[in-house]
Structures are given as C-alpha cells and as structure tokens.
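These notes concern the structure reproduced below.
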Amino acid sequence: GDDSESAGGGSGPVTLRLGYFPNITHAPAVVGVEKGIFAEKLGSDVKLETTTFNAGPSAIEAIFSGALDATYIGPNPTVNAFSKSKGEAIRVVSGAASGGVALVVKPGITSAEQLRGKKIATPQLGNTQDVAIRYWLKEKGLKTTKEGGGDVTIVPQENAQTVETFGSGAIDGAWVPEPFVSRLVNAGGKVLVDERDLWPDRKFVITNLIVSTRFLKAHPDVVKKLVEGQVAANEFVNGKPDEAQQAISGHIGKITGKPLDLKLIKQAWPTLEFTNDPIASSLKTGLDHAVAVELTKPVDLDGLYDLTYLNEVLKSGGRPEVSLP
Amino acid sequence: MASDTLTTGPRTDAEITGLDALDLAGREQGLSRLRRLWSATWPKLAALGLALAVWQAVVWTGWKDPWALPGPGPVFADLGGYLLSPMLWDGLATTGRRAAVGFAAAIAVGLVIGLGVARVRVLRAALGSMITALQTMPSIAWFPLAIILFQLSEEAIFFVVVLGAAPSIANGVIHGVDYVPPLLLRAGRNLGARGVNLYRYVIAPAALPAIVAGLKQGWAFAWRSLMAGELLVVIATRTSIGAQLTYARELSETTRLIAIMIVILVLGLVVDSAFGAADKAIRRRWGVLDQAGQ
Amino acid sequence: MASDTLTTGPRTDAEITGLDALDLAGREQGLSRLRRLWSATWPKLAALGLALAVWQAVVWTGWKDPWALPGPGPVFADLGGYLLSPMLWDGLATTGRRAAVGFAAAIAVGLVIGLGVARVRVLRAALGSMITALQTMPSIAWFPLAIILFQLSEEAIFFVVVLGAAPSIANGVIHGVDYVPPLLLRAGRNLGARGVNLYRYVIAPAALPAIVAGLKQGWAFAWRSLMAGELLVVIATRTSIGAQLTYARELSETTRLIAIMIVILVLGLVVDSAFGAADKAIRRRWGVLDQAGQ
Amino acid sequence: MTSTTTTRRSATGSVALRGVTKVYGRGANAVLALDGVSLDVAPGEFVCLVGASGCGKSTLLNLVAGLDRASGGEITLDEGVNPGLMFQEPALFPWLTVEGNVEVPLKLRGLPRAQRRERVAELLRTVHLADFGRKRPHELSGGMRQRVALARTLALDTPVLLMDEPFGALDAMTRDILHDELERIWTERRLTVLFVTHNVREAARLADRIILLSSRPGRILWSTEVDVPRPRRIDSPEVSAIAAEVTDRLRTEVGRHGQ
Amino acid sequence: MTSTTTTRRSATGSVALRGVTKVYGRGANAVLALDGVSLDVAPGEFVCLVGASGCGKSTLLNLVAGLDRASGGEITLDEGVNPGLMFQEPALFPWLTVEGNVEVPLKLRGLPRAQRRERVAELLRTVHLADFGRKRPHELSGGMRQRVALARTLALDTPVLLMDEPFGALDAMTRDILHDELERIWTERRLTVLFVTHNVREAARLADRIILLSSRPGRILWSTEVDVPRPRRIDSPEVSAIAAEVTDRLRTEVGRHGQ
C-alpha cells in the first residue's frame, strides 16, 4: 500500500502505473506503449510503469489495493469497480475503443428465430455481451433465463473456450468481442449480428480508460498527460493503421510469446472504431438492458465519468469535445 | 542339585493368567471425553479469535480501502445472508454432487491404475513416475481435451477432477500394496487364501491405511480441480461454488469472495476431520496410533 | 554330567567372526547396472510409443478437426521449433527461478509451521486440521489477497506458491517429527544430546524421509499454484511457462498447448525422479528400501 | 536339476524328505540353501531342527509348507495334509480381532457361521485366551499374540505343525510357559511337529529328536534322540546336559566359518 | 510425596537408591510403579534385576539414568557420573554408519576429530567389529547391532552401565556369545553394571547378585548372591540350579496375580 501513498505524495518524480490487456480492443494502449507515445506525453517527470492483465478482475483488484493507478478496461469491470466501491474507487477519464462485437453462428442459421433451442456462448454471465444477446433475443421475442432455460440456451464461458467449443460443435454460436469474432469466422462461423447495428451511430463502448480516484486527486496533471497520450495514441492508430497493426502484433508477441496473426488483426480492424469518446450513453443503456433482463439491480452511475481532462485536451487540440448524456 | 528341591510340575493356569494380567495391566488410560473435547477446542477458538482480531485491527488502521479489504463485520453480515440464501445451498448441492461423483470416479480409476502398477512389473516401469508427473499438470491444461472428449457436459468436469485426483489415489494404492508385510502374505497363503481371497483377506485390509492417506491427498487435488473445472461448464441452471467464487471475483465482490473462502475452508475442515477420523479409527484398530496423537 | 566332557572355555574369536560371517552372508545381490537401466527404460519407451500410436490413430480417423486435435506430427514439429526458440528457455528460466524461490520460501514456512505444530501442543490443536483444509483452497481465491499484500510484484506469485505448497510440507514435517521413534530420542538424550543437539543429531535426520515425502507432495501443489499464479503478474519482459500455457489456450493454439503440456510433463518426470532418487537414497541408507522396488 | 514331486499318501502326519535341494538365484549369484536333505518324521513325532543363521531352516519349512518349490528331490506328505506354519512373529492380521484371526482359515474352508463360532471358542480355550476373543492383537502381549497365532494355525485342523522359531522373540518366562502349552497341545492332538530354533535348550526341552544342520550348504550334520522323560523342565540337569552337547557341536560348526 | 534428590559423590561407579518411589499418572489413573526401593550397588559390582512384566525394572533404570524424575526418595551417583543406558533394541541411528554411531557421544562431548577416530577404532576392536565401521546398521545382524550399541555406550566413558534387557531380542547362540563379551569388558573396565532381564538363566550366568522385584507395586522381594566362579557357562549345573530356584520364586510371584 505504501507505493500508492508515495504516488500520492507529490514530491519527487511521480510514477504512473498503467495497466492494459495485450488485446486488439486495447489497441490504443498497446500502440501507445509500444510506440512510446505515453512516455513522450508524460514527460521525464513521470515514470511510466506498465502491467498487462489477461482478465478484468486482477486489474480491478490491483486498482483497489493501490497497486495500479490507471488501466484500460472494458465497460463491465468499470461498472463493477464503481458500484462495489460505492462510487469512490475509480473514474473514467477517456474512451478508447468502440464496436468489435458480433454474434457469430453456424452457417445454417440465418435468423433469430432459428436460434430457438440452440446454445449460444457469451464471455461471462451478466457482462455486456451477455446482456446484449439476452436483450436482443428478448426484442426478437425469444425468452432466455439466467438459469440457461428459455428458448435459447445461453452458455457463459471463457472466450478461449468458446473457440474450442464452437469448433467441436458443442455450441451453435457466440456473442463475443474481437479477436474472437474473427477467430470464430475463420473456424467456419458466420456473423449474424454486428452489434454496432443495434446502437445509435453504430457506437458503443468496448474499452475505456479508468484511473483511481486517489491518483486523480493527487496528480490531476499526470492524468491529463495520460489522457493526452491516449488521444495521441488514438490519432496514431487511426492515422497509420498499418503501422499500428504491426505494432500490436509485435507487442502481443512479446507478451504472449507468439505474435498475433497480422491477418487476424486486419480482419478485425474494420469492425472497431478507436474513439476518445467513452460513449457513456451506451454504458447507461447497457445497464438499463441488464436491468430489463433481470441480471442486475439498477446502479447509480453518477460521478463515474470525469471528462474534464479529456475535453481540455481535445479542446486544446482543436477537436470536438465529448459530452455526457 | 538345588532344582530337585523345588516344584517342577507343569504350569498352573494361575501362572498363565497371572502373566497375562501383568502384561496387559496399565495399558489403557485416558482423559474424560469432555476434557479432551475442550482441550481440542479452545486452541482452535483462540486461533480463530486471534485471526479475527488481527484482521479487524488491520481494517481499522485504514491500510486499505474497505472495498479492497472488507472487515470481519461486513463479511460475516454477508456470510449470514449467504448462508440463508438458496444460492449457497444450491451451489453446495451441485458442487457437492460433482465432488462426490468426480471423486468416486477418481477412486475407481486410481484403484485400478494403482493395483495394476503395483502388481504388474511392466506397468510399474512404464507408468510409475508418470503418475506423479501428472500431478503437476495444471487443470486448465486439460480443459481442451475435456471439451473434445465430453463437450459441454458435466462429464468434462468429472474428467478434470479425475485427472487431478486419481494420481494421488493411485500412489496411495501402490504404496499400500508395496508395503503389505510379506509375512502377512505368507501367513495368508498358509491359511488357505489364494488369488482373490488373498486380496480380500490380506492385501486390501493391509493396504487400507495407505489408501486412506492417498484418498485424503487426492481429495485436496480433486477439490482444487473441481473449483477450476466448474468454470468449464457453467450450466446456468446449476449454480456452483466454483462458479460463485469466480463470479465474486469478476464482479469485484470482495466481501462475498471472502465469505465463499470461509465456506470452502469450513468444508475443507469438515472433510479433513472425516478423513482424520477414518484414519484414526484405522490406526486405532491396527494398534498404530501415533504417540503424539494420544 | 555330560556337559563336563565338553569344552567349556570362553568363546574363541573364530566363533564370533563365524557367527558374523553366517549372519551377513548372502545379503547383497543385484543385476548389472546396464540391465537394470534397460529393464527400467523399455516399458517407458513402449508406453510412450503406444500412446503416440493411439493418438496418431485417433487423428487419422478424422474424428476431430485437426485444429481441435492436432496429431503427433504437427505437435512434435512445433515442439521442435519451441525447443529451439529462446521463448521456451526464457520462460523456463523465469518459471524455474520462480519455482525455486517460491518452493524455497514454502519449505522455510512449512518447516517453521511444521516444527511449531509438531512440538507445541496448543499450536497443534489450533492449527493442525487448518493446515490440511488450506490445501483445498484453490489458488485463485488467494489472488486478491496476494495483490493486496504484495501489489503487482513477483512476491505476489511467491505468496500463492507458498500458500499452495507449505501445507503439504508442514504436514510432512509434522508427520516426520511425530514418528521419530521415542527409543531413538531416549538413546540420544542418554548419549548427551539435549535441546538443539537433539534436533540436530536425532530429530532432523529421523524425520527426513517423511519430510522428503512432504516436499514431493508440496512440489506438485507448488507447481500447479505457480502455473495459475504466473497470470497474476504478467511482467511484459519476462515470458513464463504459465503465461505461455494460458495464452496458447486463449489463442487456441492447440498444437503449442500440447507442446507445452509435454514440456510440463517432462519437467514433472525430471523433478519426480529427483525426489525419487533422494527418497531412494535415504531409504537405502536407512535400510528400509521397499521390497517391491528391489 | 530334476524338479521336485510332492506325493500325498493316505495316513496322518508323516513327513518325508528325499534328497531335497534348494537353490536361490541364478548364475554367479546362486546360493545353495539346501543340499540333498533327507529326513523322515513319523506321525506324532516332535523334531527340532537346530542350526546357525542361514543354514536353510526356514527354507526347509517353506518347502514342506508348499510356499516355495524345491529345486530337486522329493517331499512326501500324507494325502490331503496341508501343514500349518507358524513364524517367529505372530503374523496376526491387525485389522481383525482375536476371534476374527482364528476364524480366517475356517472361513476360507467355507465352514458355516455357527460352526465357526463354536470352533473359535474351543480353540481360544485351548490356548487360555477364552476371555480375549474381542480384543485386537495390539492389545495383547507378545506371548498372548503367539498363542493366538497357534490357535489360528490349529484352526487349519492339520496334523502337521511347522514352527519357525515361534518363541524366538519372547522373553524367557513366557517362553517357558508356552513350552508347557505346546507340549500339552501336541500330546492331546497327536501332532507331528517340525520345530526350528536357534535355541539349543529349547530344542532339548521339547524334542523327541534334535537334528543339527550345517550352514552353506545346508546339510544334515548330526542328530540325536532326546530320551529325557516328559514333563521336562528346561532348567533340569538332563536337559542342560543335552543342550550343552548340542551347543558344543554347533559352536564347532560356527567356528568353522570364522576362519 | 517429597521430590527426589540426586546427589553426586566423588568416587567411581557406586549407585545408591534410598526409598525410591515412582508414580505415573494422577488421580484415579495413578500407577505406583516403584514403591520405596532401596539398593546399594558397589563399584564394579554386577547386579541383575529380575521380575515379571511391569514390575518397574525399566522405570528404575530410567530414574538412575536421569531420563525421568522419581516421585520420591533419593538416588545417589558418584560425582560427574553419567550412566550409560542400553535398551532391548540397539536404538542405533540408521542414518549413520557404525563408526558414526559410536562417534556421536564423543562429538557431543566435543572431542577433536583425531582423538575421536582413534577412540572409535579402539571401541570397535573391543566389540570385535573393527572391520565393520563403514557399514550401516541395517547391514548388520541383530547381535552385531547390539555390539555396536554397546560400543556406543562405552564411548560415554562412564563407570556405570545400565542395561535394560539388552539381549532379550537375540537368539540363544548370539546371546551366549555376548554374555562372554560383556563379562570380559566388565572385568577389563571394572564397570558397575545394573542389568535388567526377564531371563533367569541369563541373570544366573552374569550376576554377582540377583535381585527379584515384585510386580504392582514394584518392591524388592528377595535377593541372592551368585557364588559360582567365573568364567561360567549357562548350561552348567550350578547356573541351572540357581536359575531354577529364582524361577520358582518368580513363578510364585506371577501366579499371585493370576488368582
């Protein structure tokens, strides 16, 4: 716990401990680290330490215990961390990515109605994708239950396992994020629903950047620089996609021991949009959907977003500001 | 000769029973049941109290935010609710059933492999050290194979549990059979026990203590494999302790996570004391109760 | 009296050495080293060959798609590349170092707790069954605590490894100390060994075989905990076997996954035979080499 | 080496060995444990085999008991006789009570339960352990355990008793008492006993005939009839005199290996 | 119950017990193992304690050895004397070689290495095991192990030897040989020996004086000087006669508990 205190101490060089996943939906983070964008924006006064995670819980635990100051993370753990700490532990300071989620099914299935009696996987009970498919099915008049009953059986399981089970025929489809969408497609699947089509402006949050409230209070200036880095990274990603893809592949290779197939990245790329807007409305709506399908109780999200720095950065760069709904 | 002046007749029954009485005198003693119970219980309570006090003290220092490290108060409040909710009991029912079935399967597999390896020289050379090496294979490595073989059925979970626990059990059987005193085997054969009868009357009961030790060890592996394996097939109709543990973590419900840990620890204690009782009963019957345990 | 006609003098040295010679005759025998090695090796090779043949046969039936279940060919090709890549060796170095440090820490903790519980009656009552109960706690349950205590450092991994392995080691120590023959203790005390000397000269060496058994068991737990724990803190510059295993799975690289499983199995075999050799050496010195192993 | 044949004649309790040979191991490691031992034991005779360590006493008993096969020669037992074997250790099954132990051979012979019970009670009375049927072996003293083992062997209802240093591990007083007991049972049941011991005094106390075996290879060296009337006492001068004589021959044999 | 005092006088090898009492356990479970035992052993005397099971023989030796505390009475040893204790089992450390075992008491006394080596070699010669120093205990026979244990106890360089049925587990022939050895060492070193045995013949073979203890509670019942000249032979009529007498007294004592 002492490290976090020293981070808040103020005197001497500040260390920013940043987390992210070696994953395509975390492209801005990966590119920002790989290309030294964060280091450049943070300047020499701030020491950057990065840690990778392969799942949300560890990252949130690290934030909670003061081992991490900021992390890129999906909407689901964001909401959990916020509500479990009674709105105290974290703030979303920027968006990072949107889109990149789809329902992939066996080729024979062409309509929602045909999903009746089928098994569809989601990454985790009650997470955004899980809620999304339940809500979508509900709108199509198909019932699902939390217990796996109803017209369509929802099977929450790890994404890695989804590829295995889809290949072995144990499931008929999956509502998953990239790169698993592309992997399932390569394994003979077919995209039935691109989740972007269900959202206004085809935009919904898949990755955003959160910082611990304590760090935000102690070092607002550092957070601002971090957000500058994020904005710059997104610019890079959107401006030089080829170079960004190359960087992602290489960086993931360094961490996982095997470079991520460049073809796969290129295949997934068009379904993703790298935007600084955290698309707060989609988070809120997602939550409403979750309540509608009886997976969560209503959560008060007031105070989750702190976009002042983002807007300062955007404004100073002459870009349009983002606003909360 | 002095000996002529002494009695020389055959031993009287009094001498035999006298010797027996002297030999057996002062063998068994013991504290009263109540005192034993108390002296076994208070240190546990004290340890528990101490642990709680330290925990509470750490929380009071404010070292970590309450959502990172909740205090005993909220945890026990949550545990109370959890204990009253059907969720725990449904989960326990599912997990308990899986543990029972998986462990039973592991026992069957472990017994067969153990007996095979113990009795067949070639199998021993071929599989002997493989058995222990398998123990170091993490459960997750078996997941793909489990799915290939059993799809998304509970059998996949059992498969992982069996692979986790069977090696320990087999090792227990091998150890037990190896150490059956050869004298007992010869005595059994001389008394007319051959083939299956030799197993029934001599080898199986003689190997029992080692087998129980193997089962106990196997249980720890089985349970850990089960906790991981329950994520393999999340059958939503059936909530399970393993899934609840992971979800508590994924939803950052630290309070619930600790509550589940307490439940697991209590289960572990219960199972351990069941094995301990079995072990003690056998040792007592066998007459090899350890000095320290008395 | 007939006895008067016979020799009655004190025993000659010839009688003593004659008795000794008769007592010791025909004690040691053995096959040649080479034949022993061969007879220990061929069944392993045969088992390996058989396993490969079955695997290949299953793949040839086309039962599963090759990406779900790759055949030995691609796997060994991949294994070859893996063996030549720095990735495996870097991973092994990192994981090996962590295993060594974590296991060493577990030994230290296990020894201290084991000795405490074995010698202090109150500690035994308080912690005895807790130790075994802890073995059933899955590693993942400790992750939050590990992060709270050690942040995102390697210590967090060690913490998980220690919690996994120390109970087994402590149990080995307790078992060993419990079963030190009281006769040896009394002999040691009569020869002048008290306090620390009693531990050094009598208790420690007498408990050694049980401690080694505990270490062996502990290793399996340590390794499994490490495989899980290495995901806790993925340090970008240091690839590790545990991380590689999980990533191979996440990236659905079944070929690589099986290659890593083979590496883990081989490691398991190597470590097991190291423990086996230690155990055998001790047993041989102690003179309790099992009948079956000869 | 010709293989052994174990012929069975119709009568009770006689044991005959003709040129029995036993080799352990092969090639350079071969040990000639018994070398052409011939011996006739009459029904009801009490024969003690005496000899130093490793002279093949246990080997001989194992061959007669059928637990091992001879390398050559012939062992003849009466038709249907399955000799009972007792060891230095009681070799009781620790997981069974005293009764359970004695019951094992009866169970294996398929006796019905009621009959078994009766027989067990009778056997326990024979060895003065009627009150200890429900105890476990570890609750008994060494001498009592050896008596249970005797009862268990008697439960085989065999006329031939093979005893391999059965009292070697007992203290002197208990041993004295068991000598009396064994003598009584032997007389009552007209058993043939082949009794192995290191203890020359014990042999002189019990035997009709003492046979001295040589060591490496095991051969019959010498034998003597013991003509002391029964009941005998182990401290008696007659028994002591015989013991002294056998001791001296044994010493000479042992001394031969010390040079 | 007054507590015991263990006074140490300056001289060699005498042992004196005054009204020594030992109670095990408390309350209803208390066992009076020794009840007011008084005994004087002169330096260089060989005293055998004989008695049935549980009469407190081992208890008495443990008290003299200082491994346990008496509940009452007084035990007096000469200044600086630490009696050596030998048990029925050799109690060798299986992880050490024969040499290593004999070396332990020397190490514990802090002797330098060179001196230790010399001493070990000498002691092994004393027990006729000079060639077996590098063997491990399990490679030896029972008799040889017991001789190593004797050498290890002698390494304590103590004038008082306490022996608790040291030859009880050995076969008769080996025991006979060890009797000779012990007698020789006892004479050479002028040791005081307190020797516990169940075996009346053994006592008659070895002792200057035989002391018979009663059982429950343990008291001195009777004692006798053994006037047979040495060297003695265990089969000799004189030894047998004394043995027979002690046996009868012992039997009577045992029979008393059977009624």
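Every chain is named by a letter (A, B, C, D and E) in the order it is written, and numbering of its residues begins at 1.
Please note the rule applied: a residue touches a chain if its C-beta (ideal position, glycine included) is under 8 Å from a C-beta of that chain, and two chains touch if they have at least 3 such contacts.
These numbers come from a predicted model, not from an experiment.
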item	value
Chains touching both chain B and chain D, listed by label	C, E
Chain whose average C-alpha position is farthest from chain E's own	A
Chain pair with the higher count of C-beta pairs in contact (B-E, C-E)	C-E
Centroid spacing, where centroids are CA-atom means, of chain B and chain C in whole angstrom	19
Computed distance of Cα centres, chain D from chain A, in Å	84
Where chain C and chain D are represented by their mean Cα positions, the distance between them in whole Å	45
Contacts with 2+ other chains: residues of chain D	52-53, 141, 173-174, 176, 233, 235-237, 240-241, 244, 247, 254
Junction residues of chain C - those touching two or more other chains	1, 3, 11, 13, 15-17, 19-20, 23, 64, 68, 143-144, 148, 246, 249
Touching two or more other chains - residues of chain A	1, 57, 61, 64-66, 164, 168
Pairs of chains, among all present, that meet the touch criterion	A-B, A-C, B-C, B-D, B-E, C-D, C-E, D-E
Touching residues on chain B, where the partner in the complex is chain A	63-65, 67-69, 143-144, 147-148, 151-152, 231-237, 247, 249-254
Complex contacts: residues of chain D adjacent to chain C	24-25, 29, 31, 52-55, 215-216, 237, 240-242, 244-245, 247-248, 251, 254-259
Chain B-facing residues of chain C, complex	39-44, 46-47, 64, 68-69, 118, 122-127, 129-130, 132-141, 143-144, 148, 177-179, 182, 216-217, 219-221, 223-224, 227-228, 242, 245-246, 249, 254, 257, 260-261, 264-269, 271-273, 275-276, 290-293
Chain C to chain E touching residues, read off their complex	1, 3, 8-11, 13, 15-17, 19-20, 23-24, 27, 181, 183-184, 186-193, 197, 201-202, 205-206, 208, 282, 285-288
Residues of chain A defined as touching chain B within the complex	1, 55-57, 60-61, 64-66, 77, 80-81, 84-86, 88-89, 119, 124-126, 145-149, 154-158, 161, 164-165, 168-171
